[in-house]
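We just call them A, B and C in the order they show up, numbering each chain from 1.
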Amino acid sequence: MSTQASTGARASTSAPASTARSAASPDTGVDVEELPGGLRAGLEAVLMVVDEAVPAAQLARVFGVSAAEVETELEAIAEATEGHGYELREIGGGWRYYSRRDFAPFVSRFVVDGQTARLTQAALETLAVVAYRQPVTRGRIAAIRGVNVDSVMRTLTLRGLVEEAGTDPTSGALLYRTTSYFLERLGLGSISELPKLSPHLPGVDELDGLDGEF
Amino acid sequence: MSTQASTGARASTSAPASTARSAASPDTGVDVEELPGGLRAGLEAVLMVVDEAVPAAQLARVFGVSAAEVETELEAIAEATEGHGYELREIGGGWRYYSRRDFAPFVSRFVVDGQTARLTQAALETLAVVAYRQPVTRGRIAAIRGVNVDSVMRTLTLRGLVEEAGTDPTSGALLYRTTSYFLERLGLGSISELPKLSPHLPGVDELDGLDGEF
Amino acid sequence: MSEVSAAESAKPAGEDAPAGFAVTLEHFSGPFEVLLNLIGKRELDITEIALAAVTDEFIAYIKELRTRVGNKALDETTQFLVVAATLLDLKAARLVPSGEVESEEDIALLEARDLLFARLLQYKAFKAVAAEINRRYVSEGGRYPRQVSLEPEFAALLPELVWKTGIADFAAIAEKALAPKPMPATEVGLGHLHAPAVSVREQAAVIAELLRAAFEAADGAGSSLSFAELTADADSTLMVVARFLALLEMYRDKVVDFDQADPLGDLQVRWTGDEETWSADRLQEEYDDVGPGPAEKEAAATQDEETEES
């Protein structure tokens, strides 16, 4: 059903911008209009998985089209979410999918379901590594802990105990640090008040070798 | 447009379970069927906030309906994503939204993730042995591959593709198995969906056949 | 039949091969991979002929490997050596004119060959499915899951965190988490050791009994038994070796005497009876570790079974 709508909308918006669209995106070397669903589906793909609201200008740059075209498509997508459990909204200059407010009671129930008020041992250990080695990438934390920490890091971020702190200048990987809420929970004035650890423990530098395996 | 389709499907599936549905969900005090879009839209709303694949049974609990009803709606949602930039898939026993593969060149510009990193030949072979022989010790993997696999196993563990699974009762050696992330990365519903090993592996009879040629 | 012609037609190419033989360490992934590549290069099926044909190249590969990576690769090289030893056995067996003999060695060789076949075929199967896993891994990599952070409104609903960890406890957790975690050592595979344990001391007792019986039967006249007679009931090469070692020990203890009429002739062994109280228990402990103990033997047997069943 929506394929119909999508195709119709694409035809109407692509007509005036055909010259701009004929070239592939300079960033990706791919012309989105040659893919099934075209620009509209491309925008949906990106918006379904990005974690932050994305400005139309940024989308336009990656898809190699004008911001106006992107805006038109985004509005069409937003309109088509009518009747669905999600909606596409522009908040603070960026676009993002949100779950619809009507269903908040169920979403809340789902979120609370199975959540515990305590941190698991794995979460505590991961948090300790972040606290003593910050700023640190997930790859390095994993190398220190010997296991994948993606899911645990999401929990710690969700709990407001750790936060992103820019990217590593060499690898481009996200860096993490502890938050002021973490200090508050531990009753510390600053991170420097953490007890000193044995000097023989390996530092982050020594783990560079391990990191190279990713 | 999809409200129409959703309503139709709802009517057909809710009929046999009308008694269960007539009561509002115990916790929320709200009957999802009274909301615009009903159960289908409700499921979409919850799926917007999940950060890992969710089993139908868990969703059924949230909405106070049967898992079968949820499955039916999820399949309908998955079908309706045709032509969109995203898709709803059941992977590793749970449901989750994914961006469509066609748009990977664009999506990868927005998502900071190591998921495009290639696996080495050694890592792939080791992963294959774990997948087909799990739970399995490193010693046995090494015997099959003919080389020490310690460093490769560490890499696979850090990447979250394999994990420890207790110890072998006789030798006390650590056992390993593949993770749910492994299923997700391979787009498998369960480990049984892996291609059969037997066509590649001649049985004892065929070995005898080879012997007979001398 | 087809394998034979393939092997023969490939022979000239094989003789040229060493000149152009190049080791690419980037692609090095263990002895089976090298062996499969060598066989594949000759367009041969995995057969005994193929294995014998590529033995020299395989040995050359190991030599090259050693010069390239030195002692660091000892761990890997040992794995190659096990395979190389089996290959050499196979090749040697093909060079010797084949008789009707069904000796211990023939049987051991057949077992080693079958094991190598089985392991090579098994490896080939896993290599094939690894390619399929890679295909899926690469193609699925283009699908990104929705994995967004919770909207603040819902995040606020999470139960307040219960935090009971004090600063000292937290530091202790950090100490533990940051301490280097060496992987526990891989258990050593004994699958390639087929020899059952043979105790020199036990064999010495067997020989002593035979020789004493002969000594007494001849009423002290010093009747001797040949080495062949002494080892007639031995059911493995290792047992023959153990009996020979036992004889040397007994000679040192001056309870036996040897007589060999001509070089490579029959070795005649005689109980001298110089020491009536001699017992096999006197033999040194140094032979006690010759073979795996009962527990290890069991482990090795289990591993063999596993290899075969897979």
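We take it that a residue touches a chain if its C-beta (ideal position, glycine included) is under 8 Å from a C-beta of that chain, and two chains touch if they have at least 3 such contacts.
Computed from a predicted structure; not experimentally measured.
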Q) Using the mean of all protein Cα atoms as the middle point, what chain has its own Cα mean nearest that point? A) B
Q.
Measuring between Cα centroids, which chain is at the maximum distance from subunit C?
A. A
Q) In whole angstrom, how far does the Cα centroid of subunit B sit from the Cα centroid of subunit C? A) 40
Q: Measure off the straight-line distance from the CA centroid of subunit A to the CA centroid of subunit C, and report it in whole Å.
A: 51
Q. In whole angstrom, what separates the CA-based centres of subunit A and subunit B?
A. 21
Q: Indicate the residues of subunit A shared as contacts by at least two other chains.
A: 48-50, 98-99, 107-108, 111, 146, 154
(Q) Please output the residue numbers of subunit C that touch at least 2 other chains, ranges allowed. (A) 144-151, 154
(Q) Considering only the defined contacts, which subunit A positions touch subunit B in the complex? (A) 1-7, 25, 27-30, 32, 35-37, 40-50, 54, 62-63, 80, 82-86, 97-100, 102-103, 105-111, 113-114, 139, 142-143, 146-148, 150-151, 154, 167, 172-174, 210, 213-214
Q: Show which residues of subunit B lie in contact with subunit C when the two form their complex.
A: 47-53, 86-87, 89, 96-102, 104, 107-108, 111, 113, 115-116, 118-119, 121-122, 124-125, 127-129, 131-133, 137-140, 142-150, 153-154, 170-171, 173-174, 184-188, 194-195, 197, 200-202, 207, 210-211, 213-214
Q. Which residues, counting only subunit C, touch subunit A once they are in their complex?
A. 144-151, 153-155, 157-163, 165, 167-168, 170-171, 173-181
**Q.** In the complex with subunit B, residue positions of subunit C that touch it
**A.** 1, 3, 27, 29-33, 46-48, 75-76, 79, 83, 114, 117-119, 121-134, 136-151, 154, 183-184, 186-189, 191, 299, 302-303, 306-307, 310
